[in-house]
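Note that the chains take the letters A, B, C and D in the order they are written out, and that residue 1 is the start of every chain.
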């Protein structure tokens, strides 16, 4: 078992005929991802890398049996696209689009959640399950390798760094979830931890956090309360230890406000929960290698 | 994006939230032209996006035209914690019987909205004891409902009439919060006047940056940004100026922050956070280098992880812009990911410092920052490509 | 509650849905006063709440003032399937290039909202083949989204510009549907004029009866109700006049309908459906008897199930009003539930027919209806209580 | 097992201090229902039949551990009350109030459903599980008796008739759900059938429908498809066989529109699904007695 993306995942790409859509459909197919449909309103009947394009997600679900949507559409239309995917019956929706108005995210995140849909993002690189060769999003396929470590991360390139280092050290991944750094994410670190907790194929968990909000502390509190770190080793890296207060470090989520959301608070919470904390992101691979005796 | 008080007040009026009558002036001539609108006594408030303006002399009262001229003259141009006062709001001075706090904000913890109310308003909400602040969570799917007002008001001990007025303001503030794409809408103080009427005594609104395209009237310079930060933003680059001297350029916010953090392990301190973000466009690399030059760091530290974009493509892009335009500081690079080996060869043969690991690079960058002139600096090659 | 076309049109204008220019007149004098507003050619339409007005002569055209006077005179007062035309709408005659159908309604099946669109408008939607009607479900939690328009338009083969205009009308009609508490909002035809502009050619809106308190301007007589039904409604009693001669009074809509059904098993036919609903108020029983008297049935059949209200309480209430006010028809009763035995004794000793089971009572009622004068009729007892 | 109301149900009554609230709190307590709290804004601290009254549902949930709400508040405030109950964490919400605007019901029914809350009503008499002595609503307590028959009904007094006749015949009930006759109910006949299907204590199912909508046909289609009537005998009565088109028979739901929602269509669907159909509501008890050999 892997989480979110499995061998049954059938991908529809919303925004299929744009530059990003076309390029990443090619990349995903090359990785082995089962991309079954694209959607671009008004371009139904076209093909992208041999993938049929439909006018609506409902058709992609009915005709091509899609069950997982990947969203590339521009920010002003992202809310419409997510609701269309949820209403069409997609059970997983991954939103790459960045700069989505927070009131739009607030609506579609809560809607997806209420409807039992797993939403990843927005403003995220996507997800990957190397075992069933399912990579959905813009993550570079070359860095992955099947194996026992699950990774959930609020940061894109840091994920690549850490996953790349794991794979180089011969340590594969069960599931990698790029959660995105927006203030209102569809899947939080805690949501990811709960998914990984019950995944028999996951033997260790890596969490990558950054300044802003309290989702790291929330995950740590759960790990501490359930003693999960004693059952599955958990590792964490938190970026932004030197970030000043009141300055957004790159995206809307990474912001220390009046002493809240600091890296120090997050690291302390992880430590208290029995989570091993890394100083350099590149330390993680070595920690895992030693602990899992790989 | 923080709005000025007078802009927030305009939004309050648009959504029928009761406010004191007032106007804004930009100059003394402007004041003369609008003088007749003043209902004395008035309060004159500096329009700056920084707290503590009262203590800094940015809030004064006037009982007549002469006093109004005098205090306005004193406040216009006043420097409050580095913010120069360009506008002044003149508003009716209200006679408050009681001051409350009311705020609605995006709440990361619940991924919904949070409404806060306290009967202890007029002071910084952070200074009010936790048990005196009443909170309720609003689901974006249902929006504000009357029970949300009851949840924060029924324990307040206030008169039924005041509760009713406050509940009305809450419903309107929620509408404003949603329709205007606010991250935060705050009234402090929300006050009862001696005549029993509830009125907003201040207007704080933070618009969501990502939604400004829906509110073009508020597309304005962010006063909390430096000129360079603003310029970078307009070019779609996330750049933050910090108080160190190492210019960090990396791809992705997390990796860039991680690079800053790594420097501190070796006594280095970043002066620039520059998130290259997507690196598939060579012109974006050139743009980033130009912005970095304007920040004048002692040394530049390029930390790159190549995924779908190949590292050698980026390295070639960097070399091209350096050869053509040159820089005034040495550069240390650390490149990982797809085609990193080729990239390192290109950079090394061009004479740039390369390091194999993040900690080695961070250590080297910290050393270089102490004595940058000891390292090679790539000046522009006249006529070169 | 069905709105008249002119009322629907007012709502369309309020929500910026393009309509033909027009006005309403109630009399010929009224027409003279508004005459100058007519832009010829005009269409003159009877304002009645019944379909098929065109065939009945309720829709005419006029090219000039003389014709307008003539056709208006012909339509005002026209009886269309029992509905007397009291108002006439005069509107600009539009030059339709193409006619569509657009409707949004409450959908019981999905418990959400359903939007229907067809490129074959201008005819009864029931006559359009199923495969030519495009449908999409709108979740009340998210409301109308652009994809709903795409879902019904992308297969229509219409020009992009027309699709865009139609999508705009859909968004506005949805807003109207929600804000005005409509059960149904329908535009048929929704047309493109020769100049390429989309315009609503009719305006059908059914307001939700339970929400009329939020739209007091539409509190009006329902023209599809008889005067007695209307009177009952105002008194909070659900009464329906039917074409039989047995007056059924029962508590609860289901039980009342079940009583109607039972009669047909024995050749009886109900003339009145009267749902007593809650029976805990003796005055309500008296009210119901008075309404029943106005309907003049051949026989009245009281079918009661006593739950929390005790049957003997109701029986006593009935006996009291009968003694005091009397009726002109025989009564058969069937009482079950709490204290049914005591109730039956009261009714029996008062001389009313009682039956032990629903089928026995229904059989008896059907027999009585054939020859009501053969059974005892309780007339008022002068001065009695 | 019984459904909706169990021995763990802890009731909070919203609109506790009005005439109906006070009266029915008394009736429910007399039946044995575990009424733990009332809610009337501004009357927190009072008591009704020894039941503590709170200002908000959240307090009733926190302090009195209520998990099931019964709503008596007037129609204009019902939407507010239901959302308050759902957000406070009630898992069952029963709405007695009639004449609620359909747009309000559309929102709160979909909201409750999305949040996994079982909503019964609006415009319904409530529900009863005679076994654990839990009666929630305005149903007359005297008619119930514990036993093996589950009843779901769109009509109040017809339910009383049928349940009364069952009890008189010595046949008890596992669960009785008064679903209400509004166009948008929180629980449909199909929802009820699915609940009863998996309830081991339910040996037979009685469905009471009436004209209007297609919820009877929808339930019949499911019964036919799953062959449920072969596993548990199912009985149906449908009121309104003689109702004319276009006339509302007593409430907003009971309406035959242009040939849709007729009793004939519903009865035919039930018959096709192997459901035994009664001519008189009072037939049902005899049918069950014979079939279950009670």
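Details
Here is the rule we go by: a residue touches a chain if its C-beta (ideal position, glycine included) is under 8 Å from a C-beta of that chain, and two chains touch if they have at least 3 such contacts.
For clarity, every value in this text was computed on a predicted model and none was experimentally measured.
Chain centre most remote from that of subunit C: B (centre = mean of CA atoms). Interface comparison, A-C against A-B: more C-beta pairs in contact at A-B.
Centroids built from CA atoms put subunit D at 53 Å from subunit B. Annotation: 27 Å between the Cα-based centres of subunit C and subunit D. Residue positions 107, 111, 114 of subunit A each touch two or more of the other chains. Each of the following residues of subunit B touches two or more other chains: 139, 141-142. Across the interface of their complex, subunit A is touched by residues 111, 114-115 of subunit D. Here subunit C touches subunit A in the complex through residues 137, 139, 141-142, 145-147, 150-151, 154-155, 160, going by the rule given at the top. Subunit B meets subunit A in the complex at residues 106, 108-109, 111-113, 126, 139-141, 178, 181, 183, 208-211, 213-214, 224, 238, 240, 242-243, 250-258, 260-265, 269-270, 273, 275, 277, 305-308, 336-338, 357-359.
Residues 41-42, 44, 55-58, 77, 79-81, 83-84, 87, 107, 111, 114 of subunit D are the ones that touch subunit B when the two sit in their complex.
The part of subunit A that touches subunit B in the complex is made up of residues 27, 75-76, 99-104, 106-107, 109-111, 113-114, 138-140, 142-143, 153-161, 164, 181, 183-185, 188, 208, 210-215, 218, 237, 239-244, 246-252, 254, 258, 263, 279-282.
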